[in-house]
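Below is one structure, written out as structure tokens; the observations come after it.
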């Protein structure tokens, strides 16, 4: 399981994903990769580079621009015994394959009385940034949690990227993997060999006694900066990196908040509905009388992701905004 | 061409399919079911003809009007009827009803109530067969209305591109619910669309079981030999309303309905067999009685079978493996 | 605005919707109706019956089974000056047109710098009930609130059905209208003539001082039964009928909870993420210190909507379950 | 056929389109933009030829590779360039960038970055024209890759069914990002798909502005007369990479690129005009200089223009009207 004494190698998150695909494709002939530009070009973000050469056209396929069929064919292949890993170029395109994913693939195991399962991984990129704009830089990772039958992961570190993706490929259920646009290039140590991180387990990125901040993906790095600055001001922040958005690791979250008695949710996505609201709801449900104040939430402003830099800066939680909010609820 | 014994089997299947539909309608009218039915009466030659051409390992995907396909592919009638009735012994434990089942033990990839939604599943199953080289082919049954769903277009394009071993069987019964074909498409034959995906499309008489068998066999051979997909548009008609409660006459002329009932696919095969001295009226009556008797027996057992317990099965949403 | 001295007529909710369409189509030549089986047949639920005969084939159109294009063409027609009202036969099909709706129609006004607006109404039916099953009886009305640019209404009474639908048709933005399967046949008085209910305003269905229950759609009727039973036990429940899910009328909700100091959210849909979680989050955010206990939530079990009666009964909140939960949080 | 003056105008438009693209590439390379570009160089004859055939009230919908269409349709270069650069004076106030704009004042229905997503918008705009009887037609520009999106299929079917006044202009530049046409479809000409929707499809040389104009005019007349849609597959090639950062050589042979550059649509029209004694080299140079000079001026103004304020414009999400 977790990296215990395993040798590690320093690499980018993008490489960690690639190594994981190579590793599992070599180990399990049922695994194959399909998506737009994934074969000859190696993927819009280079994650699948080299796989075509290593595993051939049968198992590494460029597809037409047909998101619904990419996910639908993958589900069909999964039903018939394979382990597809498909790439959807960015999360803004998930609505195009949403019917196949949430109404069919995700419900199939339950609705067939458990006779059929759909081991399917849908990788996609997310993240609002200057130049992306309204159709290319959404953060809808939090919007899929109301749909039963879907597992959702969002790795922050290269090690988790490997461990979670490997777990996802081996999971008998559909797993949606959100990869942060700005995280692909981030380096970190990655355990070699067979390394998995269980889906549904969060990680404490930083221990602290005064305030719990629950977040995920790229925001973990932003929040870590906040924690450092607050540390200098004598406020000890505990950071919970969700890693899995569905199922949520409420145990770890609640244990942390039970200790700090103050909680704040920070996310790149909208605070309305979805993940952020769910975290607030769960915490107040279980720890209402322990809490020193309401659970705070800091997230993206409720607007479509804009193109221009200043507009994006105003939309996405900044170190300053998060710190100010943290100080406010600490009452410092 | 099938030999006499096989053709009689095909006839027996058609009778069984119809007997099942009529029993379902019974049960619906007697309020013995949850939800409704989508009667397959009138289209029996397609399910029977297609499935007669398949090898045991071959796969089918179905749709809302799917019970006929399941019976023809060899589903267990008790489990099937129980599922239609929302009983615990049903294929889906009562969770899915007639529109939501799946069981690979008899090559059934599944069906859903979303028009066109299983077309990519069948296509993807064929992709798996190609990647693995396992030799099975997949049948994608769909109605004429499904031809206008985006994901069906996307799937057929990929099947043509990769020469996947899949056969698209479009059961063109001239109506999508209450909307007639002329109000849905501007093309004369839906089969023409196959050309845009780089494979062959044929429009055939879907009430001629022998013909459906022949064309499916050809397409299946082609698919197994790596020749890629085929679209078979089978012209047919549903005798009954769209669903249990629909008389089917608000948007269809009575004459039209009668005309098509005159083209009864069962009677057609029966008469051909009798004309060829391969069947007697007596044989036919025996077959019929046997089929309806079997349904009676299965139905009485299903009616007496338990409903699922009233509990939210939250632990069964995810597969554990 | 609200029915003030207007004459009313008793009718089914289904008829109220139909009368509204007739009224506005007669008044505004830009309004037209399109969808599967809406013309010749008058709609799967009879809402559009008679419109073809009255307004002709140009403005009342049966369509092929093409949900994405139905919404996409409607959006294009709206951009070019018309006021489309389309019918999607049930909410399980919304994922098929979700890209057109949330990524394009809903973002268009903002993303074009306000140059273009998309006055579009998407009517659809929702509700889990025996016989519907996994693809035909979802309750995803709560899952669309994280997406900016979309207004969402869910009328409970025939009068609101008229008032909200009329407001929706006249609204310059895309509006998603959720119609409860079991509500179509419910009768009530409907103001005649030009009657609108503002989008974004909730209604107090029943005043009470002990507990606020926030709900919407068909659940309002269930919760009313609960309130009656609790009333007999001396517990005065205040029922807030949301009527609009986006924007949410937080003012009315918070005012009620500020008074009762106890809140419970009840919904037919999943409690995870979406609407229910949002309501919990908003209330605890603003009224944390006034609340006598955590905001409770009662909703559908996190499973796909099943087919069989007993399974549905176990999934959807019942009078008994809601009452028990209410008594628990009242501490009675 | 256009008269000499009009053809020179068309040439002028093509030069302007190219000048704009080259200026954008400049700005991109000088990091003066947010995000990237999708160069239209090599495809100028399509935007210019199509727009030359339109009446003032006609509408166009565009896609990610859309700046060429906007310039040809008469967009304000300053507002356009500002938007590409995310400036406050841009068409979308910097919110949309080059892929997300719309302004009916010059008949521009809009573009988005989602492949195929504006095809239903153009189709729906044509539906509005038909219902209202207002006489305008709509052009739906798209790339070859869009032909494999479900919603495009659904839209074309409805357009054929209802004979909507829309023209689908498929700019087939042989690649969808890095995936070649042969790896995307199994059909030889994308235009063949139109038959499946009940209207005419033609494959034409998209680098011949005169021809594009002619075919668009015919299709436009047909559409105005109630004859329904036409699909024009315009064969062409993008000279540059898919986006600013892409050299475009990882998936395309250099020879292929050079070959197509030899078919320069601007030079072709220029030489035809010169051969017909309707243009001199000097005229051409004057046109060019003027176009590039105009771009320089616009660009310097745009570069000096303000960025939007750093505020979340939550009040601008909903239209108030």
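Letters A, B, C and D mark the chains as written, and numbering starts fresh at 1 in each.
Keep this in mind: contacts are C-beta pairs under 8 Å (C-beta built on N, C-alpha and C of every residue); 3 or more make two chains touch, one makes a residue touch a chain.
All values derive from a computational prediction rather than experimental measurement.
Asker: Look at all chain centres (mean of CA atoms) and spot the one farthest from the centre of chain D.
Answerer: The chain lying farthest from chain D is B.
Asker: Please compute the C-alpha centroid of chain B, do the same for chain D, then give the distance between them in whole Å.
Answerer: Inter-chain centre distance comes to 45 Å.
Asker: Could you put a whole-Å number on the gap between the CA centroids of chain A and chain C?
Answerer: 31
Asker: How many angstrom between the C-alpha centroids of chain B and chain A?
Answerer: 40
Asker: In whole angstrom, how far does the Cα centroid of chain B sit from the Cα centroid of chain C?
Answerer: Distance between chain centres: 36 Å.
Asker: Among the residues of chain B, which ones contact at least 2 other chains?
Answerer: Touching at least two other chains: 92, 95-96, 100, 112, 114, 117, 148-151, 154, 157, 161, 183-185, 313, 316-317.
Asker: Which residues belonging to chain A are in contact with no fewer than two other chains?
Answerer: 63-64, 66, 68-69, 92-93, 96, 99, 103-104, 110-111, 133-135, 148-149, 302-304
Asker: How are the chains arranged in terms of who touches whom: line, ring, star, complete or other?
Answerer: Shape of the chain contacts: complete, all pairs touching.
Asker: Show which residues of chain D lie in contact with chain A when the two form their complex.
Answerer: That would be residues 33-36, 86-87, 92, 94-97, 99-100, 112-117, 145-146, 148-150, 176-179, 183-185, 250-251, 307-314, 316-317 of chain D.
Asker: Taking the complex as given, what residues does chain A use to touch chain C?
Answerer: Result: residues 92-93, 95-96, 98-99, 102-104, 106-107, 110-111, 133-135, 138, 140, 142-143, 145-149, 269-278, 280-281, 284-286, 288, 291, 293-297, 302-304 of chain A touch chain C.
Asker: Mind pulling up the chain C residues that touch chain B in the complex?
Answerer: 36-37, 40-41, 44, 62-66, 68-69, 92-93, 96, 130-136, 301-304, 306-311, 313-315
Asker: Using the touch definition from the top, list the residues of chain C that touch chain D in their complex.
Answerer: Going through chain C, the ones touching chain D are 32, 58-59, 61, 63-64, 66, 68-69, 71-82, 84, 99-100, 103-104, 108-119, 148-149, 151, 172-173.
Asker: Going by the contact rule at the top, pick out the chain D residues touching chain B in the complex.
Answerer: Residue positions touching the partner: 148-154, 157, 160-161, 163, 183-187, 192-193, 195-199.
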